[in-house]
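Across the two complexes that follow, chain A remains constant while its partner is chain B and subsequently chain C.
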Partner chain A sequence: MQPRAEMVHWFFGVGILFVALCLLCEAIVGTEVWRMRPWRAYLWPGLAFGLGVLLWPVMAFFTNSAIHMYAHGSWAEVLMLAGGSELALVRGRLTSPWWRLTWPLAFVVTGVAFIVHEQNSWLFARSAFLHHTLGWTFLAMAVFPLLLLWRPSSTALRAGLALMIVAVSVQLFADRDVAPVFGHLSSLAGEQHR
Partner chain B sequence: MKALLVTLVVALAFPAVASAHATLRSTTPKFGTELQRGPQTIRLRFDQSVTLLPGAVRVLDGVGRDFAGPARVVGTDVVAKVRPLKLGAYTVRWRAVSADSHVVSGVWTFGVRGPAPAITAAYGAGGPTTLEHVVRWLWFLGLALTIGALGLRLIVLRGLAVPRALDRKIAVAAGGGAFVALQAGIGAFSLRSEDALQLPFGKFLYGDLSPMAETRFGRAFIAMTLAFALVLAFVYLAWLLDRVEPLVPAFAIALVFVGGLSVSGHDAVDPGSSWKTELADWVHIGAASLWIGGLATMAGLVWFGAPELRRAMFTRFSQMATVLIALVLGAGTYLAIVRLPHLHDLWSAGYGRVLLVKLGLVNFALLWGAFHKFVIGPALERADEGFLSRIGRSLAGESIVGVAVLLAAAVLVDSKPPPRPGPTQNTAIVVHR
Partner chain C sequence: METPFVRSLPRAEARRSNRRAHAVSLVGPATSAGGLIWAILQPYRVTLLHPRGETFWWLVIEPPLLVIVAGLVFALLVARPLIADLEARHATSG
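Now for the complex of A and B:
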């Protein structure tokens, strides 16, 4: 019934990578070209909102500790808020650019939740290390949408944000071992532990 | 300020100084199983090796006698021998230290030649607190606001020329209700788990809640969380696109899944419970939510937001409320008869006294509603603007009484009905704080 944690991490890794690639494309070709097909404007904000909705099942099904539940719940909420605000800005339902502050808010909440919900130290295990780096990546990433409020057309800032999100995606992929799902890829890895 | 920032950064950089974690993968016997004979050992399988504390595993009967021998670590397992167990209900409480010194803990139950008690009835579990009543009330309020706002827009205002700004406000109200319902659901689940685990907050954060997730309450929490997240998404779409259509699935989902409270409450487990009591409770909660939430939305948003709709809306809501009140009263009367074996339970049992308070509030709201229907309704056609404004305030007053009814309902749901005459069940003793 409950999907494996590995699958869930990889699923969200794919989703976030897609968001990042859309942002990168938009940064490279410029917003005008990116939005030549109107639906593209809705693509990554809609995806972010959808990922937020899909985080609710993760919150509800993974209850092996209260703090995990709260972390997943907070990510679901801030991703829905930020994605939803961006969609509303694109659609014209919201007009104030200050609504884009929901992105730094989302990144800060996500980063703090990553760091606080990982109870082990940096070098305890790979996943612990990556949870810490993910947390700090999100905290650093919060600077980009903040600066974009003042320099909205800066290619460097937009590309930087996109690349930071790519980094998040890569870390999410690497956060879980392949062995529990596919077995060890090399016999040198020895006996499988779980 | 600088010092605060530095402290925050340092605290985030070294969280492991304060905490660590191991996750329980499986147990033997499993959560909530009924065994034909007592287990010889208790086994807990973790995802990493743990260190044992004194009393790491305790197997407690209904009066708190411990049947577990000393525990030992075997790889990533913790194993404890168990002395022979008689017929009865048992609680396993465990705690261990993760590899980097954080204490993790949990609880589950099993039965020997009898059903396992609910995790909330585990030995040492606490009863509902005032905070739980408040959170349950907020849950009801969120559900009522969502269902009421959606129902008002889709049923009462159907076919009327609703201003776009009002449509958006109704969507915001429904979304706000769904958001509150989600937060209150998480709060209620956490508090119920805390009752079972009996841990201070710092340790509770690392407590294993999965046994609670496998209870009826836990399953209802999961289903309602997923459902109201979807409701929130649909309501958001309606607001974003300025369309009413997404509100239809949102209303349907909210109305169906409000029944999660019925499936997880007394109507599902107490003696005398059946699918009929669950159905009656669902009708009771659904109709009351639509009535009270619809009334609050009408008084708070529509009455002053769209004065041109007042007369038509008042008449239509009055018709709908008549049906809803009939459903609330019919289902409520049936449930009261099932839950209270004797009439004197109404004043002699705690549950009955709360029910009396609720009945008093419901009657007050009904009288107020009848005044609106039979006195205000006919006078509405020739009413001037000042009179209509006063009606708005009166409607707000009636909805505040409705909110008080929900508070009484929240306390009632957390209370236990008096026992029915007949053979008693073999359950673990609940220690109330």
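Now for the complex of A and C:
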């Protein structure tokens, strides 16, 4: 009854898509209206923190090498740190906006881990291609929360961040265990399963 | 004293609020529409339409279905109360 690795990527794709939709709507209506109901203020930081927690079982049950374990473990840590900091900021336990630096940190760590732990070239298989594109997407995305520290009310920056996160979820949805990318599939990748 | 400029301010604010409410109301349906278009373009991904003894995961967990469900859940549980709050805020401030 254990789902395949690609399905786990899709589950995370849904969670990340939901976070992106929340961020997009918060950018549209403004933080004041978004936080009019207390549960909504905690929604996307809580989801982000929860996704970080869920990365631990993924690390335990779905990784098959040390480098994969390190990558998934580091994502779990930085996502929990950033989500937890955001929760504490919303709650008022933390007050310094500099805690939001945990987001660019999380994105940079995630991007670097994606690129470093993918040992194959871009066109080896679809998953290899997506690891490279996801890595660079996360590195580019780190600019948005960094700039938001200086322009916290910028609708364009917040919407841009939300759309970048949508791009991440689209890439996760495009993941397949063994599948070609642009017609390329290395013979070393294994047999295409669908 | 009442000037045309002062009178036009609440109207401009109302227009902005309406545009925001409209944009928020579109987010969930647009997401679901994306999933639906994906399902139409790649119908073989929706194994529920032509089950051939697949297990639970293969039947239910397919990206187009997940995107459709995410859009619907967001529209019902998040966007709808958010629009109500936006309108309530506009009613109290206007």
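To be clear about the criterion, the second predicted complex is superposed on the first by the 173 of 194 C-alpha atoms of A that agree within 3 Å, B and C clash if a C-alpha of one lies under 4 Å from a C-alpha of the other, contacts with A are read in each partner's own complex, and residues count from 1 in each chain.
Simple rule for what comes next: a residue touches a chain if its C-beta (ideal position, glycine included) is under 8 Å from a C-beta of that chain, and two chains touch if they have at least 3 such contacts.
Just so we're clear, the structure is a prediction, and the values are computed from it rather than from any experiment.
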| item | value |
| --- | --- |
| Superposition on chain A - do chain B and chain C clash or fit | fit |
| Partner chain in contact with A:Leu105 - chain B first, chain C second, else both or neither | neither |
| First (chain B), second (chain C), both or neither touched by A:Phe173 | second |
| Touching partner for A:Leu146 - first (chain B), second (chain C), both, neither | neither |
| Touching partner for A:Met36 - first (chain B), second (chain C), both, neither | second |
| Chain A as apex of chain B and chain C, Cα-centre angle in degrees (nearest 10) | 140 |
| If touched residues of chain A are counted for chain B and for chain C, the larger one | B |
| Partner chain in contact with A:Trp56 - chain B first, chain C second, else both or neither | first |
| First (chain B), second (chain C), both or neither touched by A:Phe18 | second |
| Least C-alpha distance (whole Å) that remains between chain C and chain B when both complexes are overlaid | 20 |
| Residues on chain A engaged by chain B in the complex (per definition of touch) | 49, 53, 56-57, 59-61, 63-67, 69-70, 73, 76, 80, 84, 87-88, 91, 93, 112, 115-116, 118-122, 124, 128, 135, 139, 194 |
| In the complex, chain C residues that touch chain A | 20, 23-24, 27-28, 31, 55-57, 61-63, 66-67, 69-70, 73-74, 78-79, 81-82, 85-86, 88-89 |
| Footprint of chain A on chain B - complex, ascending | 12, 14-16, 19-21, 23-25, 47, 98-100, 102, 104, 186, 190, 193, 204-210, 212-213, 218, 221-222, 225-226, 229-230, 232-233, 236, 239-242 |
| Residue ranges of chain A in contact with chain C within the complex | 1, 3-4, 7, 10-11, 13-14, 17-18, 21-22, 24-25, 28-29, 33-34, 36-37, 40, 43, 173-174 |
